[in-house]
Amino acid sequence: MTTAIREQTVGEVLSANGVSRRTFIKFCVSTASFLALAPGMGQVIAKQLLKTKRPSVIYLSFQECTGCLESLTRSYTPSVENMIFNMISLDYDDTLMAAAGKQSEEARDAAIKENYGKYLVVVDGAVPLGNGGVYNTQGGKSAVQILRDTAKGAAAIVCVGTCSSYGGLPYANPNPTGAVPVSDIITDKPLINVPGCPPIPAVITSTLVQYVTLGVPALDAHHRPLAFYGNTIHDRCYRRPYFDVGKFAKTFDDEGARNGWCLYELGCKGPTTYNACATVKWNEGTSFPIESGHPCLGCSEPSFWDRNGSFYAPLAAGLIGSLAPAGEAAGVGAAVGIGAAALSRLRSRARTQSRAAEKTASKED
Amino acid sequence: MSAQSVNTTTAGRVRAMPADLQGDLSNRARVERAMQSFALEYGSLTAFRLESCIHCGICADACHYYIATEDPQYTPILKVEPFKQAYKRESGPYAVFFKLFGLKRRVSADELENWQHLLYDSCNMCGRCSLICPMGINISELIEQTRHAMFDAGLAPAELYAKAKHQQHSGQPEASKEPYRDMLLAIGRQYKVEIPMDKDQAEVMLCVPRTDIEHYPKSVAALARVMQHLGVSCTFRSDGLVAENYGYYAGGREWQRKISMRLINEALACHAKTLIVPECGHAYTALRWEAAELYGKPLPFRVRHVTEYLAGQLQTGRLKLRKAGNGAVTFHDPCQLVRKGGVMDAPRQLMQALGLDLHELENNKAFSFCCGGGGGVLDIQRAAPLRYRAMESKLREVDDSGAQTFLTSCSDCRATFDDAKAHFNWEQTPHSLLELVADNLG
Amino acid sequence: MSARLSDIPVKIENSGNGTVGGGLIAILREISEMLERLSRYDDTAAIDLRTLPFSPADYQRLREFLGSGEVEITLKVDGTSRVRETGYAGVWWVEHRNPDNELLAELLEITNIPEIIVTSSDEITRSASQLRERLALHSAGGNTP
Amino acid sequence: MELLEFARGPALKVALVVFCFGVLWRLVGTVLLRYHRHLSEPRDGYFKAFMLGLLVGGSRSWPHKQYIKRTGYGEALGYAYHIGLFIVILFFAPHVLFIKSLFGVSWPTLPSGIVTIIAVLTFTLLLAVLFRRLAHRVLRRLSNFDDYFSWFVTTLVIVTGLMATAHFGARYETLLAWHILSFDLLLIWYPFGKLMHAFYIFPSRIINGYFLARKGAPS
């Protein structure tokens, strides 16, 4: 991609490609719909797009499974082709780019140099710090070094997936590589987390679109865009009414499961999971786990591998493993009770005896 | 009276009232004596009573002292606060916490003094609160236990202490012009009835309230007459004549035992199978329910209230009664007899046999209000004004019953109503059920 | 032939029992208020149907409730878009699909005419000049169009 | 570790340990104190007295009609919020799941909406109970720290539970954590305050009932 094209605004690129006004409106309306913005925001986006320059994007992959990128490439609104060619300038992605080896490293370095202070870094995967970061190296440089070097000149960082957002699977107990999320390393740049294992494709692309058009979006405490992570799955779940009337599937093959009742008792983490699965859904809006009869695992939440006991333990369940300690405590309590009663009896007897002694003494007087 | 206490715990907020003190004891010694006394009372059942209270305040609504005054210090459970406090600190399972962190302070002598008013002057030990408590706490039992400690600490009301002392020593609560034995025989002569006295062998042993000897001789005669009519071999014993037990009222365990032992020993001496408690409520509690405990083993004879005994005779057909006139009658249930003693049906069976038109009081049987004299309160001079306030509703109930004749079966209740009659110029006169029975033997 | 979601034997409990799908009533109330504002103040509004926690049954019920009106327009704009008037004039059911016929957005627009249908003055100017140029070209060349 | 995880895990564990330890200590420490012998002759035998005593365990829940006029309001208030608490604790689906996770037993539940309404009513009643405790001369006189703190701990659980249900005030997981933490607090306080009455009430009633019945007195 030439510098000349990168200097064009999105609007210019679109109209150069013969995109009609109606197509543009349709695109903006669809995008606004995915950003869960008020329907009127489509026009604001349209205005912004007509004057915004396309930013350079550097996509870094560390400890990851490429599931997030696989997800991203299945985005259809905006489609990833649309994104790459019209909205952003993807200058480095070692998985997608044709170049390899030294050539690709040079492309990255060139992009950093040319767009210093303006480019966007997208990170996929956790960053291992154990043993000096040897568990993930590219071109002789450790992941943490690449991240630091690349982030230095970035305008903002977008973490795609639970691994880069919170550490994810590499971070899970016992975390042999000393993996950490990006936020543990880079603390001086605007950070947007798009967690999920993987994130919803449209959520990734729409977050990028929103960054391009409206800047850093409103975020929650975990740096997640509120537009997609503002509500729990439970709040937006079409099975919520069953929760409210107390109709629950108790097993995966009972009448309740067949009737599509609430999966709370089967361990659904929907009530504590903030994501857009229940509204945006997956696979071109076809379905999402709960609609397919499986409880939410809570993949867009921190430490989702380790928390909550089991994926299938209800949220209301205690996380104490066994009652044995309480039983032992009861036993010890009973023993102390016996002691307390014995002590009390002894004290009473002593008091009673001193009373008798006083009586005898006073009689002798 | 010592200075009003200044502490801030629950125990500290009771109005200081004059207290009687016995013995020349330091405050420390008094408290120590009380603690020693409590130590005798600590036990599992008591602990359940003391641990259960949830401060719901419902017991206040059972108590005629609270109802009459609406003064929260008369809340029954509050009257045992020193006991509760001592228990929590000394005996309860968490005593160590209460002591270590000072969560419950040591009961002070001031507190004990202040509580004399609550434990004696304003409590008839009538047990009405124990029937209302949703936690099932037997508060009157706790009152009795707390009175024990008060007595041991030298903090019983002067009148009760003096009478108890006199009675444990001489057998009668007060000195009399003549010995009670002679007075009894004189009553026999006056009412032309034989008074069986000091027989060596008798099936039934009798005793009398000294209130009757002094004030209601006709009652004494009635007892003798009824027994004579039944033809049962019975006797009074000159060394065990008095039914009352001031040791019980004052809270002196030892003296209560000593006083009860006189009667027990006399009953044993004449080989009685039954000891009949005359029309006296607390004597029934003391002899029927508490004497065996003090004796240390089950009594080898039965203890029966006179109405209970007579109702039994009625059933076997040995006792026949005439109809006793017409006109409405009402009956005051003595607390110790009915609510705390279980003698509820016997008086009514007798009244039925007498063909009386019984108009029950608004609060009757187990829920009857105390006359106000029980628990020794009648004897406490300074308690009189409060007692009159507390018993007004009772008098109103009697008036409202529409009865012309007012009966009861306890000479203390009777004396209390007679006292009220004088104080209020009340129109009703309390009568003895036993006298009515004696007047209508068939 | 690939399996479709509808082939999986899942029962959808009808929401007719009044407790489930109570959200439908709320949406209808909202539409009614929006219509009121449109008629009084000319305020247009829209509801994004994809953000609603609707079960397929609720969705069907909403569609049945609103019914269909007189106008139905199909746009060929980078895929198909369909604009249908509902049984309530002023309430439009708008559907945008991509060239693969996948649903991009679905809205209820409460307006006189949805924005996407209106031809912009820019384009009218452009088409006028295009037509003029073409006619000029033809008259110069002497060919019939 | 997040707050919710802490509440459900270590905090709950500690709370349960303290609860079991404290309750057993207090109960055993009460039961094993001395017993005084009762030697008087029972009116109708020991068996009948015992059976009647057992009966009082339940019958005392309903006041004798002679008292109702004076105590009815207070007792109705008291029992009403207890019933509300029991329904909410025992018939709200997540609670049953919680119990199931600990003890492996479960039973049918009530619709969440109904439970929420009952919880709101219960909360209102608890406010009324507090108001009454502050306003009623006897209750104010009797009340100590235990009374107010036990009220606070109980009400806190209800309030946080309602907040969690309504998603009001914070994020759901935070509210749920507060709710569970407040329950943990209740468990820890339980053995030391008047909440223990749940364990004492029936023995206490039965003891009183037995001794009254032993005398043939009404109970």
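Brief remarks on what is shown
First chain written, first letter: the chains are A, B, C and D, and each begins at residue 1.
Just so we're on the same page, contacts are C-beta pairs under 8 Å (C-beta built on N, C-alpha and C of every residue); 3 or more make two chains touch, one makes a residue touch a chain.
Given the structure is predicted, the values throughout are model-derived calculations rather than measurements.
Contact with subunit A and subunit D alike is made by B.
The chain closest to the protein's centre is D, with centres computed as averages of CA atoms.
Set side by side, A-B and B-D show the greater C-beta contact count at B-D. When every chain is reduced to the mean of its CA atoms, the largest separation from subunit D belongs to C. Taking each chain's centre as the average of its CA atoms, subunit A and subunit B sit 77 Å apart. Our note on geometry: subunit B versus subunit D, Cα centroid distance of 36 Å, whole angstroms.
Taking each chain's centre as the mean of its C-alpha atoms, subunit C lies 58 Å from subunit D.
Averaged C-alpha coordinates give centres for subunit B and subunit C that are 92 Å from one another.
Of all residues in subunit D, those touching 2 or more other chains are 25-34, listed in ascending order. Residue positions 235, 244-245, 337, 340-341, 344, 348 of subunit A each touch two or more of the other chains. Within subunit C, no positions touching two or more other chains are listed.
Contact annotation for chain pairs lists A-B, A-C, A-D, B-D, with touch applied as defined.
Subunit A meets subunit C in the complex at residues 19-23, 25-27, 29-30, 33-34, 36, 39-40, 76-77, 79, 235-242, 244-245, 258-260, 278-280, 284-287, 293.
Interface of subunit C with subunit A (complex): residues 5, 9-13, 19-22, 45-48, 50-55, 58, 75, 77-78, 81, 96, 98, 100, 102-107, 109, 115-116, 120, 122-123. Listing the residues of subunit A that touch subunit B in their complex gives 337, 340-341, 343-344, 347-352, 354-355, 358. Subunit D meets subunit A in the complex at residues 2, 4-5, 8-9, 12-13, 16-34, 93-95, 97-98, 100-103, 109-113, 167, 171-173, 176.
Interface residues of subunit D, counted against subunit B in their complex, comprise 25-41, 43, 56-57, 60-61, 63-64, 66-67, 70-71, 74-75, 78, 136-144, 146-147, 192, 194, 196-197, 200-201, 203-209, 211-212, 215-219.
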